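Data block below; observations after.
Chain IDs A, B, C and D follow the sequence of writing; residue 1 opens each chain.
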Amino acid sequence: MAANTWGELFRVTTFGESHGPAIGAIIDGCPPGLALSEADIQPFLDKRRPGQSRYTTARREADQVQILSGVFEGRTTGTPIGLLIHNTDQRSQDYGSIKDQFRPGHADYTYAHKYGERDYRGGGRSSARETAMRVAAGAVAQLYLAQRLGITFRAAVTQIGPHHADPTAASFDWQRVPNSPLFCGDSDCEAAAAEYLKQLLKEGDSVGARVRLEVLGVPVGLGEPVFDRLDADLAKALMSINAVKAVSIGDGFAVAAQRGSEHRDALTPAGFSSNHAGGVLGGIATGQPLIADVAFKPTSSITQPGSTIDKNGNACEIVTRGRHDPCVGIRGVPVVEAMAALVIMDHWLRHRAQNADVKHSLPTIG
Amino acid sequence: MAANTWGELFRVTTFGESHGPAIGAIIDGCPPGLALSEADIQPFLDKRRPGQSRYTTARREADQVQILSGVFEGRTTGTPIGLLIHNTDQRSQDYGSIKDQFRPGHADYTYAHKYGERDYRGGGRSSARETAMRVAAGAVAQLYLAQRLGITFRAAVTQIGPHHADPTAASFDWQRVPNSPLFCGDSDCEAAAAEYLKQLLKEGDSVGARVRLEVLGVPVGLGEPVFDRLDADLAKALMSINAVKAVSIGDGFAVAAQRGSEHRDALTPAGFSSNHAGGVLGGIATGQPLIADVAFKPTSSITQPGSTIDKNGNACEIVTRGRHDPCVGIRGVPVVEAMAALVIMDHWLRHRAQNADVKHSLPTIG
Amino acid sequence: MAANTWGELFRVTTFGESHGPAIGAIIDGCPPGLALSEADIQPFLDKRRPGQSRYTTARREADQVQILSGVFEGRTTGTPIGLLIHNTDQRSQDYGSIKDQFRPGHADYTYAHKYGERDYRGGGRSSARETAMRVAAGAVAQLYLAQRLGITFRAAVTQIGPHHADPTAASFDWQRVPNSPLFCGDSDCEAAAAEYLKQLLKEGDSVGARVRLEVLGVPVGLGEPVFDRLDADLAKALMSINAVKAVSIGDGFAVAAQRGSEHRDALTPAGFSSNHAGGVLGGIATGQPLIADVAFKPTSSITQPGSTIDKNGNACEIVTRGRHDPCVGIRGVPVVEAMAALVIMDHWLRHRAQNADVKHSLPTIG
Amino acid sequence: MAANTWGELFRVTTFGESHGPAIGAIIDGCPPGLALSEADIQPFLDKRRPGQSRYTTARREADQVQILSGVFEGRTTGTPIGLLIHNTDQRSQDYGSIKDQFRPGHADYTYAHKYGERDYRGGGRSSARETAMRVAAGAVAQLYLAQRLGITFRAAVTQIGPHHADPTAASFDWQRVPNSPLFCGDSDCEAAAAEYLKQLLKEGDSVGARVRLEVLGVPVGLGEPVFDRLDADLAKALMSINAVKAVSIGDGFAVAAQRGSEHRDALTPAGFSSNHAGGVLGGIATGQPLIADVAFKPTSSITQPGSTIDKNGNACEIVTRGRHDPCVGIRGVPVVEAMAALVIMDHWLRHRAQNADVKHSLPTIG
């Protein structure tokens, strides 16, 4: 893997800045013969697209994806798939002050130091705009995995500030998530969180969020110990999403308080009796649902003024104008699904590369 | 990266099973000119070594590391460093029943399905014995980073079951950690946890743990967005350690409840005013201490019998005999430090590869 | 490295088919601060562009490169550089018969078997059109290497069929190469070869070529033994160019007849006394000119009918119409320079990653 | 790939110096279920072993390989295979003068400059001793490929100085190669070359060699364009062998003089009518025998004194004592086979990773 490439065998390389002419990606290693068109990818992008509700940024991008290569007569050919999205809403704007200041909570200070150069327009490469290409590439992975292996991905917001939803509760309805403006499966939580976000917008503030991910249908065997464990790669994939600060698998941090007699999931002829492990043992999928949780930090771009320094080291006050989400975790939901799909897809190809010969008659309890 | 290799430029590849003749590693890419001997590495291994206290497994391994190549006249030469540790305490044992059963909470079921073959002796490759080589390789990274860049690593147990220590409290003393049998910085917590572990041993049970990691002296600029962010690679590195189920950076899961006005760390001429970010912004080190937390699950090998199935799919009861830690998180502490060192070392080399030319006069507030 | 990516640290990933809407590339890892614009890259592409002389294909492509990212205010920022060239001359054509037949000497048969899918329009991905992106990416490497390290690249045709030019002869003039329609440094050879090519065109045939590459100014030390030797990576880079069948370094195949006393280049205080090694010892650059030779096979697309089979296994006759070079080796010249530049650039970054600390006072004899 | 690792999926990482305690390798990614023991690997090593005939170095190493991991109950388990060979014949020797001088034709000067450190004992890492681990790892690949896919490797010396053997001639007998002290298939050539070598030994000189490689049974489809073409990876693999200066595929440099009508191999229902391509089209195997030729330079270590400089830049005379082959190309034969096996094995795994789903009814003419 390289800085802007994800994967060993299903390799996604992305480019593009927030306010450049276009963003794009190359998928190298997609199996040939998959039915694929722009119309197949677009719905995934539409889900992430800004401007979908009042709780996401007002920036309006069509986010129309183009396939430039790798597909012929409606099917992938096995050659690299070039994807492109033109940036259509790059408002010409006065960046005068931001140009010389480091916005707190943003990557301005770190990018400037690392590279000595900084594209200050909308965060440049560090903008979450980059995640649109993750979603486009993840869509291709999701299409393959659903069609060939019956693997499906779902994610939902389970916390916004003080408001929680329990994804294991009876009141949590995964069916409502895709139509919820907050990608929330619990109507009470959604209503309370919506009120809360309205208030935050008035105050010019933002808030963090927690997102639950579940992957259903993962076959037993995926994962490449000792370093490329399935959970390790998933942790990296999710932590690589803008604003994510924590990742857990199965019972997560709660395991620190658990006993072995309580945590270990018993195997029975009818299946595992529980899923504290979250679908991974020894870094390899058990065949149970893969369960992960992720925390998104609050947007740093808020209209409340903040203290910072400028490039000469002088203290100053900064106000971030522009269009921003009060809770980036919401639009993070399809990105979480996309990154999980890239992980599973890559591991599927890696697994079969080494183990396509394996034959055994062991019981599969899923 | 490949399954058993960590890193892009400081590459560590390991091999070895719990009950094979030896375990080993190759470090490829170590800068030349580093003073290095077996005596330099040994103290790091001794810290992880089993049999150090009553709370860790009674297995006694000398864990004497040998350097087989890459060092000449006391300095690294830039060629691959071969490291070897002979397994000296492989008790010949009757594995009769375990051989055909899948221990709950272990990787037996997943390894058997993935590979169709399984070295059932002591967990084979999935045993935590493998982490000894991570510690040996991490030692080389720590020696380099301390000598050349002044970067230091420290980790401590901050939770064992119901007993917590707060690493930010005045009562927490990092100086006592290396000498604590539980790697704990708080004497009250240590005493209570020790009692608790005694009781667990009597009951034939085990417990999880939480570990805090801090890296001091990381220069601003390390990290390779968008996928190989410093926090993303750290998340993967830590999640790849046996039994780890959760990783967080800075304020971690607490950010889901924070507001932007509260979370974003202000920059001042005298430094950042806080460190909610945990030392990383946009995937790049800020120069502040790098802060991470990790959760270890409880050991699955306990003397209480468990339910499982055998390789024919029949239900059965299993008892894991042998020598096991009641709390694997304790011995995980040096492994956490080692993996963090491998991440930082690799990122340092990657950073200077691309950015050695960079010259600027920006203020560094650390 | 992956199938469509070149390099470890200066990574170039390409996409695009001969008759798709566009071809493109992403350069990941370019050092920040390099002055770069489309106008800087264009001359390199113009050199490779078809339609430049009567001896290259009549296909006329503007080959106008666009920079989509990674450059801000005229300098590279350290983020990925997206490059795009629209295919402007995709004649809609009747591929009726070719669609179901395998052209001899082409990759039709192998692509169809490998992927089960084949973009038969103009060879699809296997077309030499793909090399335009190598040239664009190689241009960026050449600009960096020339400006920062004074390294320069030159290649020339030294054989076309029975006509040879000796690059070590006094009559060989490197200055005339860029302006020669055959990229030839010897005017006699050029004249004879031009006559020969005219005759070939009449006969509907094609011919192979030999190309000499020289890289001047390579600093001593580049190369990563034991597998990523500089000569090994150069061999791969050159052999990966369409139609190349042989690569040699220094004296090449002639060494099989040489004695050790004759081959080994003596070191003297004033420099090496000869360069049989071609600038590499033990896989590492000596500081002398890097010398390589490459053989291009004759174009397989000729108007003389050929025997082949169709996709049902039946024998048939095939005639390749369309626009083709009688000698692809000619337009291969800038591609050879580009690939060499990608190799040197990548090795320069790799070398300094590991060895930036190295200090010594050894004599450098270049 | 990294400096000391070969392959993407069948990854071989090696370590070890000529005069260190041991050399070793880790194979990561070997499919599980392959029957494997030390006795299976040993014959491959014995073929390469020094001291086999008067024409190879008198250094006597048992070269007994140990398997340290990755094999259980006689079969590979899918975990990394650790291989070790102790260096048993490291004569303690006076390196006094060599220590401060750069032997011409050797890597002394380049290693010293690159790393600032140099293990001067017997060439250290740059010694051909390293190739023993290539042979050991290549043996595992050859065993797998022969058993599972029926792919076989053969190489032979076809030129030593002025003496040639034509591998396509009726007089060339592949059966005699394994038993020939010069790995030569032509008895006349062998006799003449043997005389010639005797004379060289007397004169304290050495000579180069040419080696032909053939791989039989390669299935159509192996190869990963555009950069990881099968021929490109083979070129790199072979050029990475110590002393190799040239690599060609099929007709090699002769193609520069060929016409398209002559070079392109016709497809017929009964197979290709010729094999000028050497078994690769567009970087992908055609199913015909894979044909390559390699040139080895003469050993630089000869007893005739040579001119060089010392580490202070002063001119001096050097005499290389010790035990050396008059023609390293001879012992290069099993290394050529090994590297080819590593290439094919890796490509087989890569090919099936992406294309295991592919189904078609195209004719296979092999």
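As a working rule, a residue touches a chain if its C-beta (ideal position, glycine included) is under 8 Å from a C-beta of that chain, and two chains touch if they have at least 3 such contacts.
Computed from a prediction, not measured in an experiment: that's the story for all the values here.
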| item | value |
| --- | --- |
| Intersection of the contact lists for subunit A and subunit B | C, D |
| Chain located farthest away, centre of subunit C as origin (C-alpha) | B |
| Repeat of the B-D interface, chosen from A-B, C-D or A-C (over half of contact pairs identical by residue number) | A-C |
| Centroid spacing, where centroids are CA-atom means, of subunit C and subunit D in whole angstrom | 26 |
| For subunit A paired with subunit D, centre-to-centre distance based on mean C-alpha positions, whole Å | 45 |
| Whole-Å gap between the CA centroids of subunit A and subunit C | 39 |
| Multi-chain contact sites of subunit A, meaning residues that touch two or more partners | 2-5, 8, 14, 29, 32-33, 78, 114-116, 125, 350, 355, 358 |
| Subunit B-touching residues of subunit A, taken from the complex the two chains share | 1-6, 8, 14, 102, 104-107, 109-116, 125-126, 130, 159-162, 200, 205-210, 220-221, 223-229, 231-240, 242, 245-269, 273, 276-278, 280-287, 293, 295-302, 304, 306-309, 311-315, 329, 350-351, 355, 358-360, 362-365 |
| Subunit B residues touching subunit C - in the complex, by the definition given at the top | 8-9, 29-33, 78, 148, 349-350, 352-358 |
| Parts of subunit D lying in touch with subunit B, wherever the complex brings them together | 2-5, 8, 11, 13-17, 20-24, 26, 28-29, 32-33, 66, 68-70, 72, 75-82, 84, 114-119, 121, 124-125 |
